[in-house]
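Here is the structure we will look at.
As written, the chains take the letters A, B, C, D and E, and residue 1 is the first residue of each chain.
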């Protein structure tokens, strides 16, 4: 198989297991994003693919070749680091071309390839500068150039945009996306920014404490999180969670928290089986809808962000966030009616957090 | 929210702790100036004052004791006509080059070896730094033994059967200056190793990862990437070691006594010998002044470097 | 309150024992001796001067007599012990050259306590016998003997390759080749004509001819190791001062037996003297304190002179003390010195200004250690260095 | 496999270096355990046939049968003097260096760089060269020939080095930290005492170790400025090993040398790790 | 006047002016956010208020008192840094109490106030730890505690959340907002994250190259940017800009780019005066509406972010971004009709970028 395959990969540092039994297939041309909180093992996984960290157990294939015992430069990969890791004393040109030189490529050819890559990344005018004379965004571009020029089968990115400011990050994100579309090469990309994950990925892998929580399309990860961890990690503001039971009053389905009944609309039929069972309801802010017929909620705080407005509500003994347009005025302390979009909600097992149903 | 605010949310009425009365207060900058007074006094009086004094004395025919009868630049004429002085200056260049170069090369090499992630790193590190605890006198005494052709290494190797073995530099006028470098490097290589090791440890580990992905052989990474990044460390080592070279006195006395003849003499010893033993204070002072001028010529690039670097950046 | 601090560089066992004799006598007279030993003449002299400058002088300090001592006196740093000297009539009892060096402005500023001879030649009698060699009387003899010894696998000359040792050998050659008058005149006038003379060149030629007769390990060697070479028969000759006797005795040999002593080969008889002396700091004013006076007096008492010098290996500074209790070498020396024409000064610690002395050491050592330097070049350098230094 | 051989070569080289570096020390120790006869007749590389601590005893206590009265010439008598010199001199010189370095690095004063550069020159002046004016200065201060005078001299010759260490370290302290402390109302001294000094512990360690070595091993300054009462152990060592015209007892010389080096040796053995960490903390960041 | 007032403040470093003639009034209790690109002088301004940088010219009043010549600790302010700047060698307790100790407050009182603040920030269990033993968010809380305990008239924050990851940043943001509401103290807050600016501020000051571009409520800064710089800096994805002229065809108003006519709906009456004049149209992504009656636009790229979807469109010779809900499917290369909400658009002078009209 082309692409990358991890088979039963395990990793331990000094006897402490940090990654257990990872199985993952990355198809050729995929843009795979590894998402997860700090310390969950994203970098470790990436380093193992790159060959920078030996695996403790299991095997890694790249383009159908078992590379588990190979050196990084033999694996047909390239890597971009959060700290850029440019060679500070070399010019941009040398930074990009050094790997080729080491591989014994003749000079004119190196020159040509460096120029092509520079053209592509629009850094031709910077080629003779030192990294210290570049801005953060430019440095990141050079780092990408250094990876690009190797024309590897797989690109590995470790939080490449974290050191950039918000505006630049958004721009670079779009550039990366375009680059992927043009090159069609496999990319494994680490981030803990879920906007990046959602917009860039063709496949998202959510990690927590060294194990894979969900590996799916961005849409599914957002819409159909496999468990409560994924649901809470993906999405900002975070999903609202309340504990309670599903109840039915004629046609109307409620979620009873014990302190009030949240009305749910458009609930799928499968929910009937779950009535009466204690569980956790998850509802994203944009799926709370204002409706005078709904349960009465007290406005705690309204945060206008420009295009939207996030409203903190005290409802049914819980605190929840709803999203609304920027126009509507919310007065702190006033009351408003709320219903929940049952067609978009998620229900989780109270015990193990597994998803029971997605609306 | 109706939650009652705890006390801390009310500003205390009693604000005297954070607000002093408006009158002019003692400024910390003034304290900073005051704190510099001792060091500044030492610098002006002891460093520069004494340099000037040395210069003044070099213009006199003082012998055992300072006398202020000026004879113009006669001492310099005598100094420059003195073959021993020129040998010493030439030796300074040779020794400086070999000693500093050796410390840098071997220190860096050892640091790299240790940095390759060896077990028992602490043991090697400590072993390499042990000679540092010895004085130059002790160093000289030990090496005088080891290098003595009749007692030391040469004899020992010959006793093992290699009768043709020769290691008699310490008694050869054309080689004895190299023995100073050997003993000096032995003593100081640990400090250099520690400095370099610390520098290597400060390198972003991602640089290593990047170079592995690029498939760069380890030696080339050190040569082309790491070494240029360690410029400040090299500079620190250079400064520390050149201070030692300029002051080299004890080691010469203990190791070769400047000999054979005066073939391994160094300016510091020349100066001290003339001031303290020869009762040629004026001549010694002239030598000292020339030596100090050499010092200033050597370290002024460093001074310039310091000033420039800090004007450029704005700290952290 | 006859307390005197004595600063000296006699730290080895025999030196300490010798000095102990003076101390015993001083304390017997009611003095209190405060001992400050500092090893190494250079160190001790520097410390003595520095402490004077710093206003914390040692009352009595070992120093070399001659010009540098006079310079201290010039600065008013010394006390004179003229009263003792007059009372004891030192002028008469000490060799005139020493008297001259110990005085400033007609007053004694130091007490010379002994005389070491520098133009001694020690030799291993067994080695000479085995090689069938007589004790050489001229330098040519010596060179001929050395050739033989070398062929027999014995190091002809045991030399400690340090400038002062090389200079001792050179001065012996100078004396031996040029004669005592030349020697005396040369070092008292430092005259250019003499320095450039043919005689001088012959001295350098002879000295250069000795180069092949030392072993490879010579440079840097301490004198006592060289002495041991002679004692053990590894080397045949050593040109060294009479202090070498101490080392010979330490090796269990009585001087004059297995290891013999003779003057270095020479065309006439002379004794190159070097003197150990103690000077007196001005504690308050020019005049010596009672403790200093007592010290000066004790040091030159005949009994003390004998006891001290026997342990030290030197001969008394006073030429009027009985010689019979000394060893044969010392007796020879004492006898020789009765003739004032034999009195010569060493260039080491007195006799010439220390700047000249240093220049001599430097050039001699440089010449000795430069294999390819011709005698002419050596002579020229010698002359030039002296003319710059004087 | 290649990795395996590389490892062997690596350890081989390290061990070789270690042996070369340690060999002279071993020679010293083994010689100090030999008798004089064995030294005269054997090679310096052979191990002592009959190890004996007699030489060590003699070096430490001296030989009272030979010497003049009150002192037996051993090192023991001046050990305490050395301690009395080293401890205050160490604290004062490191303290002064810390304060000066702090003041130069943190308080952006006009001319701080010039002053620093000027001070650096002091690191290159051989102290022997300016002995006379220093003697006169110390005399005028009325502390010549005493331990306080000697301490002052050590402070003078140590300040350039310690200042450099501390200044370079303090330059790496984030500006924000200093700002925070100033807002908290910490002035010059309190900022130093409460914030900067605790921060500088690693570099303090390095400066202390090196200064300790320099001061402990000093001979000339002790000889010149210590007077009679302030003669450090190195002077006693010199009296043992440095006499020009006496007999040589190499075993005692070596034992004495080892004894003199023991405190510094111990310091390095105990603090090797601290040393590298301290240097890493800033001495080399320039 | 209570609060902070800057009068004609100027700042130059080594002769180079970096802030010119800043006049700013910060009312008592305001939450003022300084927003601007890197290097525009935000930190410099904050440092001048704090007294950490001397002003080159002008004066600063805090609570009616001229503090221009006072030391930082005399100014009745407290400051929180991006790097937290905790004293690494002190425990949390000591970190918080250090300022009080320096002011000479008796020990028991310090103890009491530290405990109160710790309680408030929920860091009581951490009081005896060293900063290095805390997570980023906890460190930031301690830094806030250190400011809080001083009970200053004005709090200064320099990008306090930039070093935290996205999730934590969102949480801390809400906490800060609450804190401000409870304390009612004046806050000056530096950020370059416009979401933070919008949600936290009662007043936003946008800086560029050392001068104030706009000082207004967050809503006005977003909705009625004073000039093109402000418009482009605030909002992500950034506002769409096209050059052209306003044209009218009967009732329908268009914006003619030369390559096509963008239909505008609900254009305010004042726009009539501007017809025919060359200018720049600014329209935020959420104000591009899909309408088959509109101009035909080609879909370049669709980026689903979870709750929303950003669609890059090639239209009328320009590239623009529109926002839509997550459900609608956009095929790259397909065409779709677009109109612009004239009631929300902005028009800028082509030359100087000044706003001419807000819809």
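The definition used in the following text is that a residue touches a chain if its C-beta (ideal position, glycine included) is under 8 Å from a C-beta of that chain, and two chains touch if they have at least 3 such contacts.
Please read these numbers as outputs of a predicted model, since none were measured by experiment.
Any chain bridging chain A and chain D, meaning touching each of them, is among B, E; the list is complete. With contact taken as defined at the outset, chain B and chain E are each touched by A, D.
Of all chain pairs, the one joined by the greatest number of contacting C-beta pairs is B-D. Closest chain to the protein centre (all Cα atoms averaged), using per-chain Cα means: B. Remark: chain A and chain B have CA centroids separated by 53 Å (rounded to whole angstrom). The geometric centre of chain D is 56 Å away from that of chain E, both derived from CA atoms. Once the centre of each chain is set as its mean CA position, chain A and chain E turn out to be 25 Å apart. Rounded to whole angstrom, the centroid-to-centroid distance between chain B and chain D, based on C-alpha atoms, equals 14 Å.
Chain D has residues 131-132, 174, 182, 185, 241 in contact with two or more other chains. For chain A, residues touching at least two other chains: there are none. Residues of chain B found to touch two or more other chains are 1, 18, 28, 151, 276.
Those residues of chain D lying in contact with chain B across their complex are 10-11, 13-14, 17-18, 21-25, 27-28, 31, 43-45, 96, 99-100, 102-104, 106-107, 109, 113-134, 137, 155-156, 159-160, 163, 168, 171-175, 182, 185, 187-189, 191, 210, 213, 217, 219, 234, 241, 253, 257, 260-261, 264-265, 267-269, 272-273, 275-277, 279-281, 283-286.
For chain D in complex with chain E, the touching residues are 174, 176-177, 179-186, 190, 194-195, 198-199, 201.
Against chain C, the residues of chain B that register as touching in their complex are 63-65, 78, 81-84, 144, 148-151, 168, 170-171, 173, 176, 256-257, 259-263, 273-274, 276-280, 283. Those residues of chain D that touch chain C in the complex are listed here as 40, 63, 66-71, 73, 131-132, 135-136, 138-139, 144-145, 223-225, 227-228, 235, 238-248.
The part of chain A that touches chain E in the complex is made up of residues 37-38, 165-167, 170, 174, 177-178, 192-195, 198-199, 218-219, 222-223, 233-238, 284-286, 301, 303-307, 310, 312, 323, 326.
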